[in-house]
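Common to both upcoming complexes is chain A, partnered first by chain B, then by chain C.
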Partner chain A sequence: MRPSPARLLNILVPVKRCVDYAMKIRVNPQQTGVDTNVKHSMNPFDEIAVEEAVRIRERLGDKVKSIKAVTIGPSKSAETLRTALAIGADAAIHVEIPDSAPSPEPLGVAKAIRAVIERQKEQGGVDLVIMGKQAIDDDAGQTGQILAGLMDWSQATFASKIVVDAEKKEANVTREIDGGLEELKCRLPLVVTTDLRLNEPRYATLPSIMKAKKKPIEKLTPADLGVDLTPRIETIKVTEPPKRVGGTKVANVDELVAKLKEAGVVPT
Partner chain B sequence: MLRCRLLQRTSQLRVATRSYATSASAHALLFIEHKDGVLDSGSLSALTAAQALGGEVTGVIVGAPEDVGKAVENARKLKGLTKLLHSSSKSYSPPLPETVTPLLQQILSNTPYTHVVSAHSSLAKSILPRVAAKLDAAAISDVTSVAHDASENATTFTRPIYAGNAIATVRAPSSVPLKFFTVRTTAFDAAKADESSGDVLVEEVAAVDVPDVPTSHVSTSLTKSDRPELGSASRIVSGGRALKSAETFNATLEPLADVLGAAIGASRAAVDSGYADNSLQVGQTGKVVAPELYIALGISGAIQHLAGMKDSKMIVAVNKDADAPIFQVADVGLVADLFEAVPEMVEKLKK
Partner chain C sequence: MAQNPMRHRVLALYKELHRLGRDYPDPSYDFNGRMRKMFEKNRNLTDPEQIEKAYNLGQYIKNETLALYSLRKYRHLKRMYGDSSRSSTDDPPS
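So, the complex of A and B:
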């Protein structure tokens, strides 16, 4: 007998297009932001989130009904969704904002994701949201927690292990906390944010990249979702961090120890 | 190094002559963290940041009934706190965002608070954005400076973005009446305890019962160590991939850390390879540290690692590769095999 649809798991994975983690960041001369005319890729934590969703399906098989990726961003963010589809998501949703629009804040993004979740209701709803713990551009680390708050769902941040029980609609999540680890038992629906050690994302193979081109991407606007993404916090300026003065190299350990003693940073 | 900037008080003079429906001066609610009643040093730095707003600071302590009393005794001596709220319940031990959020939500409604402040710790990072969402308030993460303009009820913050490769100056205007922010603790001095004070008004708040909590705590495993805590240590010895294995990592770093009285840190590469525990990771995704002395051993100096330690006062690097990026930020660099250089350092430091 086939399980009833209510027992099946629907996973939503929000992803963000960021400046590639290996790029050297340059502040623009107007001090309004950084030069974004460089290589972009999926936020590394989101890649881990997509990978985890796919691995959950590999473990649970048919119990996972769908894996959908969602992004809120300019037209080029569609590339990021294609990457998610190539890793193994089934379908994607692109909430498109104008290229010139300012980057939305975590609260706006979370409200947009909430609206996307509402729209998924007729397709069985969303049971599990897996997303990165932070984006490596704004380094805010808030969106997952805000979303869980807006939905009044269970939350498990900084996850390094997720074990989902689809029948019981529960998940045990191990979290990285200051000083060690913590395990939680969470009832679905649940928002999980991923830490680095959750998994090692796979490389998308050429066939999977080709297949991803045929997968559907639904396009929406913030107006379709009834959300306003205008930032409430004003960015006054963006500057270069203070440069450290170039240090000196010493020839041997004796000189090194002498420098330490001279600086008074060694207990005597 | 970035230190907190005192707010400009010049515009405050005008306030006295005006009357507002609500108080224009800042009133911060400080989320104070503790472990078994011992206050976290990060919360003491957050108190300094809260004071920089120039108004009242009310602390709030939550936890198990047996710990909260001790934490309150410790916190009431803190200089700069004007009031202290505490709430205890078994469901706050350990504090879960799902149980603590309704309590903070209740405290923050119908009150004159203008800001909610905490350290940028794993606990507060989990709880505060959830509370902010409930109150439709904006949150600013990991700030390194704070300046409040009471006449306009606007607060200006600086915070690192792009792994510390750019500094953003942002302003939360009066249209955001309640401003949440977490504090980069290495950018603010820890507030001091003062034995003579202790007349802080202490008030108990009844725990908010949350029926049918969807989350329950199963277990916690903390890394045990006799060394100073990584986040607040004044000296740190840190190792990278070049340490080769967990055995050589410990055998090489521990004697040096012992002679220096230092905490041990690690790069992501060392953690991923299993040489060191996750909780020792220094960097964008781990701990951000700013000790007096940071010794990087066998660490190349990737952007993500530098994000976590480049505000250290003195950086020393030992690396075989003379072109490693770490040498561009190190005050003192030694190109050498660390398996020879480190034992020699230990010997010479002992003298």
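So, the complex of A and C:
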């Protein structure tokens, strides 16, 4: 009989509720931020992360003990967790903040995730954190890296391919970088941030959404975790980019050259 | 009764299509209205072969719609976050 692996993998997938990708963004009248009275959904890169966790389990079978989704957000963020559960996560953790509270910053989010990981110690800890490379609302792209730094774990960002070896507690990650692709061999525990080409997320079918309603969501507050999410950055003003001034059509090349000279772009 | 399992499948298909139809990107295209009309048109079918054919057409439309949604999202994300390495100050590729 084969000996069972020394430890089974626990995967944590932090997800974020953002303004839906297809929505037109408008600045709110107070010029303090974006109009959030629109449709929200899970950050597309986080959908890719949840999908990847589910695929890792499909490949490794029962070497993956659990896939947990976590979010830090207002009460409505629970819907995002339900989506993660419908795609295939087993359980979820909701770190709930008041609806009126400002959006948490990457440092605060990373600290909260760290606290959640600490709490998971009794249940076997966390071996792999997979999250989106950036959120489409703030485009910060920092949370994964900060988390890896806080936890002193390896990190592989902008992943376009992940191959996990549960026995060796290693992962081979292919990263998308400016020059092309880079392959890293990382020791677990590991933080991975997902890039667009990692996979194509599945659409949650109605039966899996129904099943997801029965999966547990643990509710916590930042106080429970001992984390302070007060923002350290003050947003002074948010405005739309200046409206583009209309261009003019020219009749021929000579007119074009004359106009360029007028504009001082071409030496007379 | 032999029709019961089919009825269950058809109802599940209808619910799934209805849910998908809510996210249809073009608001002027009444997806759910048209879908309902198509189901109602076939409500009195009795020949199991015809029923199966209509059901398969429904499945096909469901898969096409899912593909539409995924591609639309992928294309949008690729446009926004695709060639992130190239900035306007970079030298043009030689």
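Throughout what follows, the second predicted complex is superposed on the first by the 238 of 268 C-alpha atoms of A that agree within 3 Å, B and C clash if a C-alpha of one lies under 4 Å from a C-alpha of the other, contacts with A are read in each partner's own complex, and residues count from 1 in each chain.
Operating definition for what follows: contacts are C-beta pairs under 8 Å (C-beta built on N, C-alpha and C of every residue); 3 or more make two chains touch, one makes a residue touch a chain.
Keep in mind that this is a model prediction, so the values were computed, not measured.
Shared-chain residue A:Leu196: touches chain B and chain C both.
By the touch criterion stated above, A:Asp178 is placed in contact with chain B and with chain C alike.
A simple residue count on chain A separates chain B from chain C, and the partner touching more is B. By the touch criterion stated above, A:Val27 is placed in contact with chain B alone, chain C being left untouched. With both structures placed on the common chain, the touch criterion links A:Leu206 to chain C but leaves chain B unconnected. By the touch criterion defined above, A:Ala263 lies against chain B but remains apart from chain C after alignment on the C-alpha atoms of chain A.
For the contact definition in use here, the residues of chain A common to its chain B contact set and its chain C contact set are 21-22, 134, 136, 177-178, 196. The touching residues of chain A, counted against chain B in their complex, run 19, 21-22, 24-25, 27, 34, 105-107, 110, 133-134, 136-143, 145-150, 153-158, 160, 172, 175-187, 190, 195-197, 232-241, 244-250, 252-257, 259-260, 263, 265-267. Per the touch definition, chain A reaches chain C in the complex via residues 21-22, 44, 134, 136, 177-178, 196, 200-201, 203, 205-207. Within the complex, the chain B residues that touch chain A are 94, 96-98, 101, 121-123, 125-134, 136, 138-142, 156, 159-173, 175-176, 214-223, 231, 235, 260-261, 268, 271-272, 277-279, 284-285, 287, 292-293, 303-304, 310, 313-316, 318, 322, 327-336, 341, 344-345, 348-349.
By the touch criterion stated above, chain C contacts chain A in their complex at residues 12, 15-16, 19, 25, 66, 69-70, 72-74, 76-78, 80-82, 85.
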